[in-house]
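There's a structure below that I have some questions on.
Chain naming follows the written order as A, B, C, D, E and F, and within any one chain the residues start at number 1.
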């Protein structure tokens, strides 16, 4: 029941990692951008912490929009829809923060996301990446889903180092302190991915 | 108490399949499009998962509107009303996702839906068709309601293969991975249906 | 305590039939149309199923507005208020659907409603008339209130046939499959009624 | 603790009658009209039945606004505030319907209301006056507050006739079937009142 | 823990009196007026009765705005914020009605409020001042906070007369029937205050 | 798990002090300003007291905007987003009032905030600084996080004096009566900080 890694780099779709009562899981975050008037839709039975996390990520993106050549009027003239299947399973927590932000920025800029990456981490309004829990289960789920590269918060480095090598074998683990670190992997690698 | 198959291909009406505590059931999803300002109405005592599913389907349609020749301004200038009788019976879950999306697209494009088809499957923002439950009961209900063709998620293929042939006899079962697969049957067949 | 049949045909007022814990009852649905901006008000302690039923009926009317010569801009430039006395008694359920739709259409078109008719039936977005419950009690209440003609869903025909003739004596019972069947009685008869 | 009858005819203030767990009470309904955009404010801890009753009364007034020379644009360009002191005491029920409607119409048209009248009765969208309860206690409260004329629903005539004459002595009781009957007393008498 | 009397007359700040489970207390009501679009903000954990009381007071002010030379467009072009510290303590009830109204009118007209006054009383839409409870505790709190003049409702005169002189000694108690009586003290005295 | 003091003075980020069931904690308040239409977003699972505190602080800033050269139209043309990580931890209470106000004013005026300061105190609409609780735990947390200067309410001076010197050693404690006192430290010191 794992969502397997994407076969090709896609725009607006990013793989996240969840930690549930029955172990780790991958979840594929989808973002659509539509002509509109600045509304944000959040579907997939997201809890209030997760919804706030999405809004925090969007404000971060708006604050760095210059850096990505996004037009001033973009956010006033478009609606953003974030959906996380499976639609009947309640989801909550801040750990999909960097994943949702990456998916939104990919959809807005049309930069494809490297297909073989998954990520987990809380995001702040200023793009700092905060530590999260359940890393062992999440890494295991990523591996089973065929993921090659996993982005985790720098502040979880010690937690990762304590996880047995057997679990980590075959996974490239990248540490991120800031959203810039996340995007370097998610977007830059994507261009490399194209050349493969 | 089954809603029988439609006698003629209709616009904006699609047969769905539900799985209730007392067995499977068919439900006829109705969509009206009205001049308006972009509102979406959802009636028939739909639960929050089902409402999110409708909104997800609508965003999917908006993201592929070019493909169907839908005018850019259409969604800003019309209201969409989805109703599922019987109005007093609470309904929920994501499995009517592809049905509601098909009914909306039919109503928007005025393409009639093949009268003898029923369908079940979760929809994602990118039009992927996700697996659902209760297939045995749903197929039985479809058969009793005189349905000829049932569209089910490709990811339920194994579940279908495990159902006894007695139940499946007389039903054409079509597997769908993407909304395109669903619409090929629902819309293309409709034109065939006209020739019958 | 029955609301007696109206003495003259009126615009925007239709008699419905309710089924309560203490037996059947008649209820008089009132609709006012006011210059406005497209709002709908529903008062009289209506439950959510009943409110959805009113909205479903209104969408049906909007979808057939051409047929009744209603101007495109009408719904954007008017408010509609549906009130069901007695204001302190909670009311719910879908069975006043065709009654509320008839009252709205009468108020919008200024066609008076035949004073001696009462009706009960769920309405769908496409104007189909679905079966309801409590028919015996409702027919009894209609008779006691001096009603001459009762419109019931075609799909309740068998239920009506099982009710003793003593109850039905003196009542003209008309079966409706579609709102057109309802309106033919409610509006056409009205013109006959004027000639009496 | 009774609100005593007003000393002079006032605009936008009408005396109502309430029936509480500790007996009858008078309550003075105040209405202010302000330049605005069509909002209605309801304060004084009014319950939902009472709020609906106020909205029903307002729609009635809008539907007969021609009769009172109220400009078409009036309701779009003004806010209406109904307040019932004492602000901490919860109030509910439909029986202040005709009182709130009279106070609104007085405030809108600037016709003063006869100071020595009190009234009780449910209002419908079409201005019908429906029966209410607790008449004995309400009449007693009216008398104690120095009220001269009490308007009650025609449909409560029998209830009034059963009340002992000792209670009714000194009170002029007027029966109303329609809001017109109410306003005839509340407004016409007012002009008489001026001459006293 | 008493908020002491202000040292100088201020605009938009008025001292109220509260009655809590642990005795009387003074509370300083603050009002800011900002360019805006007619919104009213109420902060400080105000209960619904208190919020309604603020809205009632505002409607009263709007109805007498001519008398204070307030421009017709003022209320459409400004936002009003009422805050009552301490922000974590829930507050409710109608007895701060005249205090909030006085603070709003002071902020709107820029007339300073006499620093040594405190007040308590319910306000109605027409500016009537209704009686309140807990007078003994409130007077004691006013005295301890260094207040010189306390405005109380005329309808509480008898309650005040029953309070021992020891408590009242040193406090000037002024009775108010209407908001005009309140403002005469709060605003007129202020000008006297300036001369001291 | 303490958020350590910032290394450089930053715009729109201020260190607050929280008092939780497990002791004191530092929390870093982030503010982003975006082109918009006057909306305020509050994320990080803030309780209603804390949200009101943010709104009170914003109204204070709007009332003194002249003093800081903020354009009249600024607040109508921008959205403000306040976020407090960690996003899953519920936060409430008024004691971050001066912190949120300082962060907002820094973000609006682009004046950086001295990196080594932390603060705690309730804010009122007029910028008064009210006392708060848990000072001992908060000072300890500030010290552990490497903070040099702590701003506390003047009205907590006696509470601070009662805390043992061991805890306070190495911390510069500044008392504030008004927001001006807070900003003098937070902004002025910032310019000094640059020179270090």
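Side notes on the structure shown:
Definition applied: a residue touches a chain if its C-beta (ideal position, glycine included) is under 8 Å from a C-beta of that chain, and two chains touch if they have at least 3 such contacts.
Fair warning: this is a prediction, and the values are worked out from it, not measured in the lab.
Chains making contact with subunit C as well as with subunit E: D.
Least step count on the touch graph, subunit B to subunit C: 1.
It takes 60 degrees of rotation, in steps of 5, to superpose the Cα atoms of subunit C onto those of subunit D. Here subunit E and subunit F face each other with different sets of residues for the most part; under half of the interface numbers are shared between them. In terms of their C-alpha centroids, the spacing between subunit B and subunit F amounts to 53 Å.
Spacing of subunit A relative to subunit D, judged by their CA centroids, is 61 angstrom. Shared interface positions of subunit E, defined as residues touching 2 or more other chains, are absent. All chains join into a single ring; listed from subunit A onward through subunit B, they run A, B, C, D, E, F.
Here subunit D touches subunit E in the complex through residues 12-13, 30-32, 34-35, 41, 43-45, 81, 83, 85-88, going by the rule given at the top.
Of all residues in subunit B, those touching subunit A in their complex are 48-49, 52-53, 55-56, 59-60, 62-63, 72, 75-76, 93-94, 97, 122, 124-126, 128, 130.
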